[in-house]
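Both of the next two complexes hold chain A, though its partner changes from chain B to chain C.
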Partner chain A sequence: MNKKNAKNASLILALVLSLGAASLLPNAVGEYWVRLTNAALISSAAVLGLNFVLGYAGQISMMHASVAGMGAYAVAIGTVKFGLNPWLGCLIGMATAGAFSYVTGILLLRLKGHYFALATLGINVSFIIVVSNLVEITGGSNGLTGIPALTILGFAFDSERRFYYLALVAVVLLAVFASYVRHSQLGRSMIAVRDDELAASVSGLNVTAVKVTALTLGGVYAGVAGVMFALHARFVAPEDFSTSTSIVYLAMLVVGGEATILGSILGAFVITFLPEWLRWLGSAYLVIFGLLVLLMLFLAPRGLAGLFGFAWSKWKAQLSSKEAGKWRFSK
Partner chain B sequence: MAFLEVKAVSKDYGGVRALSDVSFQVKQGEFHSVIGPNGAGKSTLINLLTGLARPTRGAIVFEGCDISSRKTHEIIGMGVGRIFQNGRLFERLTVLENVMMGHSARKPPSLLRLAYSPRNASVDQAESREAALQMLERFGLAQYAGRQIGSLSYGSRRLVEMAKVMVGRPKLLLLDEPAAGLNSGEVERLMSLLQVLRKEHQLSVVLIEHNMNMVMRLAERITVLNFGKKLAEGTPAQVSANETVLAAYLGEGYRSAAL
Partner chain C sequence: MQDLVQLLVSGVALGSVYALAALGFVTIYSATGIVNFAAGQFVMFGAMFGVTTVLQLGLPMPMAILLAVAMMGVFGFLFYLGVHLPLRTQSPVTVVIATVMIGLSMQNGANLIWGSVPFRLPSPFGDGTLTVFDSAISTHALASIGITAVLVAALYVLMQHSSLGRVMRAVAQDFPTARLMGLPVGLLLACSWAIAAVLAGFAGLLIAPMWFADAHMGDAIALKAFAATIIGGFGSVPGAIAGGLFVGLAEILGASYISSAYKDLLCFGAMVVFLVARPQGIFGEPISERG
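For the complex of A and B:
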């Protein structure tokens, strides 16, 4: 018990330290890097949601960007066309994205594996077509501008640095809730469904209901990402929510490490920053980027999180064999 | 009224008749065994009983309710538990988490409950964790609770599966060759556990098994299937003295061994 407490205490300490460091970050780097970090945080929210759908429940959704788009357009239309308070817009955006995912799940989750993936791809394509053509409401391919910033007691999140704190808090909350879900009966059920659908139903699970729940929860997360996107850019346009963005989300999850919360965030950050780090390569960067992702998949099929976990267990094993007893913090 | 009633059930797969007009009854608390050579339709029968397949004709009545067109999770929720032939556990969950999955039917996972009444959800969680730990203790598996399924021996995995099913407190237990692949010590252990659990929970059991030692010692009634048809039904003594059963399945060697 003592050991567990000590472990928890050191975990909390590590969290507090890294959050402290994270809160100082915007002062240490230039505006451009804060902007990228914000983009990475927004993607993190979406990928944390995709982790429920693919990482836990094993359903390949290719419409994740359009679900985020639902959230983004809901807040944009609500605030620009109807003059709603942006906070209320946020709630509407999340609810819209969740409801959209729920209905899609009810209709499509009777399809299995690749058929579901293809059907969701179709949804994302249709979403773009519809949004581009409903010019009256969505502004068509020109998009919607003039989305107001979020404010708390007169403090507006209207600059990169200010928005960063909001995004950080949102992602931390989303990650904590994701961890809570993972260790609940719902999280176990999602994983059971991915492992063995037949055994899951014979355990008494309504497999379709579990999948629909995963998709809906993932949709709400995507909705948060969409809402953040709209309130960050203060502008929405169809191309930000196209199928290629859906594929980027999938790549983020796989590179970071499927079925891990840390991996979802790591993947979002690495895939957002990698193009910047590879900028010196000029136009050859896409080739190197692709190769790096492939290399990653071959060398670390469990993603970055799997790689870190492996290194961590090696390091711990080495410590305990070399310095047995010396490094004990608790009895 | 019988507890479980299989009424003139037939099952066709394409042109193949896997089961043909099979009927039998299981009384409450009865230990009923279904035996027969491979391909006799035993596993098909269990699949029908758990809603994984639908009978082409006939009906299956459990506690007065026709379950032949019910969904699997509904049937499990009515108090039916099943063990698979080759064992099916969730590889990405720990032993404890696997056993906790046995609660699914009684406490279906719910996002709304998680989000709106986290306190109730955490009480549920603690209860199902406690029940699962107790069951692991009963099965002598407590030390494996935090381990991944993959690190367990085949025998232990079968026991984990059993613990998982028992956590759901079934009234009717369907066992598809639970002794397959176990060594003789593990089979003895499984048998004594089954007997204890049965008494404790007034459990009715349908056992499919090739291990005749186990069948003859545990079963109160036996139904013999051959080529999808019912060949005989009776007490172990009646069945092992039945000439057709000896000829079709048990073999002449069994008669001399039994005497």
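For the complex of A and C:
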């Protein structure tokens, strides 16, 4: 017990230290890197949501970008067309994304595997068609501009550096809540459904309800990402929520490590920054990107988080060979 | 009336191309169980190989088409070696994500090789028109329908009435037993990939003269082929054909009678309705669970 307390204390200390470092970050790097970090934080929120759907409940959703788009467009239309307070717009955006996911889940979640993947792919494409053509409401392919910034007591989150703190707080809260859900009965139910649907249903779980809940929860997270996107760019346009963005979210989760919270965030950051690191590849970048994700899928199916877990276990095994056998990758 | 005839012919022509793309997809699904999300990029490769042989090499048309189709066959074989073999033991989730990523790489690879400027691939049948019931019908549309019919018939004869087709069906039905019986299962699966690639290649060569050929043409065709497969019935050959024709007709008739901006919603709407109400599609076997 003492050992566990010490472990928890060191974990909290590590978290506080890294958050402290994170809060100083914008002062240490240039504006462009803060902008990229903000983009990575926004993607983190979306990927944390996809982690409920794919990582825990095992459903391949290819419409995640359109769910984020629902949230983004809700806040954009609410604030620009109806002059709503942006905070109220945020709530409406999250609720819209969640409701959209819930309805889709009710309709489609009896389907499995690639059927669900194909159906959600169709939904994302349809979303883009509708949004691009409802010009009076959504601005069509020109998008909507003039979204106001969020403010607290007169402090406006209107610059990259200011927005960074908002995004950081949001992602930390989302990650903490995701961790709470993971270790709740709901989290265990999702994993049970993913691992063996038949066994889960025989054990008395309402499989469809669990899947719908996972999709709705993931939808609310995507809604947060969409709302953050709209309030960060202060502009929404259809192409940011197309199927290729959905595919990028999938790639982020796969690269970071399916079914891990840290992996979701890690994947979002790595894939956001990867184009910068691979800039020397020029236009070959996207070819290499696909192959890299593929390689990751074959060689490290647990993603970067799995690789770190593996390295960590090796290191611990050297410290005490006794404990090595007990270590298990936590899913 | 003459409008309707014209629209019906172009709808069926476009639908036959979708049907070919869907057939390539279904061939792989029934032979290997792999859901190939890169199927649209196969069609794009077919069109781009045509661009290379017809436009860039300037070969005589029949030879150029044959060479492009042969290149697709080789490509299918290579795809078996490079993608199917490592994917064979993976979970369905991994297979879906892997083929999506391969599709992304194929698309961007094509963008590197052929550039982003669209090509105008000429039709092997010229730009002429025929007059049927007072309406002008393009020869390319009629030839597309004819070629699809011939290919479907050839596929039927190959699969149902040849010894190669018999052993290929055996492998698809029961892989371990087929292997125990001493069939060269690897080679037969490679044949399935080559056949699928050739069908997709024909789809690409036939659709390129209707549209433009560029690296990004694959996505739109893939979505239509997926919709066709689901509407017709997953894994069913007659279903792929019926679904393809439905999607092609819905696109052409929807564009002219309903709305050209929303024409694609019609086919995705139909796809979702089928998924919810009749997941086995028109021709699929009734199975309570799919996945």
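We take it that the second predicted complex is superposed on the first by the 320 of 331 C-alpha atoms of A that agree within 3 Å, B and C clash if a C-alpha of one lies under 4 Å from a C-alpha of the other, contacts with A are read in each partner's own complex, and residues count from 1 in each chain.
Definition applied: a contact is a pair of C-beta atoms (placed from the backbone, for glycine too) under 8 Å apart; a residue touches a chain by one contact, two chains touch by 3 or more.
What you see is a predicted model; the values in this text were computed from it and never measured.
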{"item": "Partner chain in contact with A:G154 - chain B first, chain C second, else both or neither", "value": "neither"}
{"item": "First (chain B), second (chain C), both or neither touched by A:Y115", "value": "second"}
{"item": "Which of chain B and chain C A:I60 touches, first, second, both or neither", "value": "second"}
{"item": "First, second, both or neither for A:G83, with chain B first and chain C second", "value": "neither"}
{"item": "Partner chain(s) touched by A:S203 [first = chain B, second = chain C, both, neither]", "value": "first"}
{"item": "Partner chain in contact with A:G146 - chain B first, chain C second, else both or neither", "value": "neither"}
{"item": "Which of chain B and chain C A:L294 touches, first, second, both or neither", "value": "second"}
{"item": "Partner contacting more residues of chain A (chain B vs chain C)", "value": "C"}
{"item": "Which superposed partner A:T213 touches (first chain B, second chain C, both, neither)", "value": "first"}
{"item": "First, second, both or neither for A:V125, with chain B first and chain C second", "value": "second"}
{"item": "Chain C - residues contacting chain A, complex", "value": "35, 37, 86, 90, 92-94, 96-98, 100-105, 108-109, 111-112, 219, 223, 226-227, 230, 234, 261-262, 264-265, 268-269, 271-272, 275-276, 279, 289-291"}
{"item": "Chain A residues touching chain C - in the complex, by the definition given at the top", "value": "54, 58, 60, 107-108, 110-119, 121-123, 125-126, 129-130, 132-133, 243-244, 247, 250-251, 254, 283-284, 286-287, 289-291, 293-294, 297-298, 301"}
{"item": "Chain B partner contacts - residues on chain A that touch it in the complex", "value": "180-181, 183-186, 188-189, 191-192, 194-196, 198-207, 209-210, 213, 216-217, 259"}
{"item": "For the chain B and chain A complex, residues of the former touching the latter", "value": "50, 52, 71-73, 76-77, 82, 84, 88-93, 97, 100-111, 114, 118, 121, 124-125, 128, 164, 168"}
